[in-house]
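Please read through the structure below; I'll follow up with questions.
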Amino acid sequence: MVYLTRTEHFNAAHKLANPNWSDEKNLEIFGKCSNPNWHGHNYVLHVTIKGEADPETGFIFNAKTLSEIINKVVIDKVDHKNLNMDVDFMKGKFTSSENFAMGIWNELYPHIEKEGVRLHSVKLQETPNIYVEYFG
Amino acid sequence: MVYLTRTEHFNAAHKLANPNWSDEKNLEIFGKCSNPNWHGHNYVLHVTIKGEADPETGFIFNAKTLSEIINKVVIDKVDHKNLNMDVDFMKGKFTSSENFAMGIWNELYPHIEKEGVRLHSVKLQETPNIYVEYFG
Amino acid sequence: MVYLTRTEHFNAAHKLANPNWSDEKNLEIFGKCSNPNWHGHNYVLHVTIKGEADPETGFIFNAKTLSEIINKVVIDKVDHKNLNMDVDFMKGKFTSSENFAMGIWNELYPHIEKEGVRLHSVKLQETPNIYVEYFG
Amino acid sequence: MVYLTRTEHFNAAHKLANPNWSDEKNLEIFGKCSNPNWHGHNYVLHVTIKGEADPETGFIFNAKTLSEIINKVVIDKVDHKNLNMDVDFMKGKFTSSENFAMGIWNELYPHIEKEGVRLHSVKLQETPNIYVEYFG
Amino acid sequence: MVYLTRTEHFNAAHKLANPNWSDEKNLEIFGKCSNPNWHGHNYVLHVTIKGEADPETGFIFNAKTLSEIINKVVIDKVDHKNLNMDVDFMKGKFTSSENFAMGIWNELYPHIEKEGVRLHSVKLQETPNIYVEYFG
Amino acid sequence: MVYLTRTEHFNAAHKLANPNWSDEKNLEIFGKCSNPNWHGHNYVLHVTIKGEADPETGFIFNAKTLSEIINKVVIDKVDHKNLNMDVDFMKGKFTSSENFAMGIWNELYPHIEKEGVRLHSVKLQETPNIYVEYFG
């Protein structure tokens, strides 16, 4: 079993706020992330798959095809977008890194598994000092 | 003459659009950056000053004081903000990296020069692959 | 289960030497790290916790609170300090990265677990080319 | 149990092509990586070992000795080399990152295990956006 | 005057050898870089232009258009190529970083200047520890 | 004229304190950097030279020889050392980054100029967020 990771980059706006709470409580819990006028990030996404190397290519899966899947299924939906307003798979969810990584996993899973490889993890870096990982 | 650079980080949302143009023309010129619902970045700001080392400290200027000035004069106004809506010194301007770096220079200049050191440059990294520099 | 990592930075001096050994043997085993007059590093600390996303926030734990705990419990004790002389939880121990990471884990563990989340790992980068990980 | 990672860098040329296929099929499957005149990379190699800290040193293993082993057993054979033509342990194999990481593991394993520590993983970064990991 | 830099990445193989010298002299002067079977790098290219911000866009030049020019004029010719064998503008030249950066400048210059902006510098990073800069 | 930069890494301990001042005043001016028991850094040193490419090599100067000079003249004196106690060219000076960069310039200058190339700059990164540059 070998693990292959492909890294992709995108930019997006979002905010963190619970609609059932007052602005004061949102500010208390989410701090500056609750700014009603949004803020944003340069996200870094690491998608790791696992499998055995194909004897005809030496690949567990073609990294270029993996990149195309990630771009079609995730990046095209989130790059230069507002995560709260523009992204179908985040509708009605808090756009925390935790929820966003799980949302990305759910989008990628069927597209990657049907290629005959296993999705191992999604790692999402929101800032240089914060990242989350989800293993399904 | 020695040059000292202090690096600071902040996150913000923005969009690029000319209000005199149609959505189509904005999309043609600014591409995905014209998304009406905003996008955002983890900005990296490098502020460089120059001067001679003080014989009593070995510093041209105290890097901690420099950081405090940058935070008070710039970071507190832009971090987790919407550059188009929330930032006084960008009001009525396109929030291109070029204009933003010049705006940051203009904010910093009087506060740094009154300390007896010279402001040499402002370097603003918008994405891992794009940055601008302004020397006044 | 989602994993959240918060990264923090600090600087410290230390040396590696076994007090029961001669200077020659310390030099042989620890090399330049045994310099009696100390050397130092810009350490990078990654603290990873795990748990389930809270339906009211989307967080497994507030990253800002996590940062505050790490700073209060670890960074304030080690930043700009001498690991051999100034740090209570390293008293009488070799300040190898291995021991230091385990010491940091032991300091953090009760403070993080009492918040209702699980401490998953402590990763400590001593130089760009050496890091250790401890999982308890 | 603590995990210690040592990172090393090297440069090499290679190409990806199946000798049983036409140039057209190689181009279709391997893309630009099939260029008959080679291309190359600055590889980054992370070797992770695991064990318990020695009470006389605080080390699970001396990182300097680990570096010497990696250099003698791997780096000297691959640095500034052609992976397809010059590297004995890659003879007759596709020089995919997957195969190369497994080849490096096989070279390192006996030399590290005979030191009384366990080899945990080999992580090989081929480009800033692609890396593989092998755990034996 | 503002300076805008666009960063691009590519991979290539090359070797350094003077055809008028013996293998021994090439090894003496160029070291491992003279390996007849080639080696390679992940190059990082920074192209800096300068000008004044356009009042209708806030740009000195559209960074996306700049990227397209760099890709068409340089990256498409050098990515996954052998610098000594495949690259027209390096024919008959040593593929040192110095010569390569000057060659890239010469390729870019007419395409950038005809857009009405000034080419300021080409910075080419060959390894994490070596880079060259050329200002025309 | 082309510019070539070689990057080197080293670790050292130091402290910032004016011996004519009280501990209180040193703490006020130098903050945590005045800790009497030292702290330390992973320094990154960038040495930039300039000249014209030699028609027989394509080099302005052999980067390997440049590295050997930097190591012999600077790194061997400062790596894993105490800058205040162990380094001859810093004796009696405050070990600020400004003074240290100027000291490194003075050490390197005669050794590089006698090779027939020009020393352009010394850039010294003390932490990820602070660096100084000196141009002689």
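For the reader, a short list of remarks on this structure follows.
We just call them A, B, C, D, E and F in the order they show up, numbering each chain from 1.
Keep this in mind: a contact is a pair of C-beta atoms (placed from the backbone, for glycine too) under 8 Å apart; a residue touches a chain by one contact, two chains touch by 3 or more.
Fair warning: this is a prediction, and the values are worked out from it, not measured in the lab.
Listed candidates were A-D, D-E or A-B; the one reproducing the E-F interface, defined as more than half of contact pairs identical by residue number, is A-D. Taking each chain's centre as the mean of its C-alpha atoms, chain C lies 41 Å from chain E. Chain centres here are Cα means. That of chain C falls 28 Å from that of chain D.
The residues of chain B that reach two or more other chains are 31, 128, listed in rising order.
Taken pairwise by the contact criterion, the protein chains fit none of the simple patterns, being neither a path, a ring, a star nor fully connected.
Residues of chain A that touch chain B in their complex: 9, 11-14, 31-33, 35, 37-42, 79-82, 85-86, 127-128.
Listing the residues of chain E that touch chain B in their complex gives 1-8, 48, 53, 56-60, 62-64, 67.
Those residues of chain A whose C-beta lies close enough to touch chain C in the complex are 16, 18, 29-31, 93-99, 101-102, 128-135.
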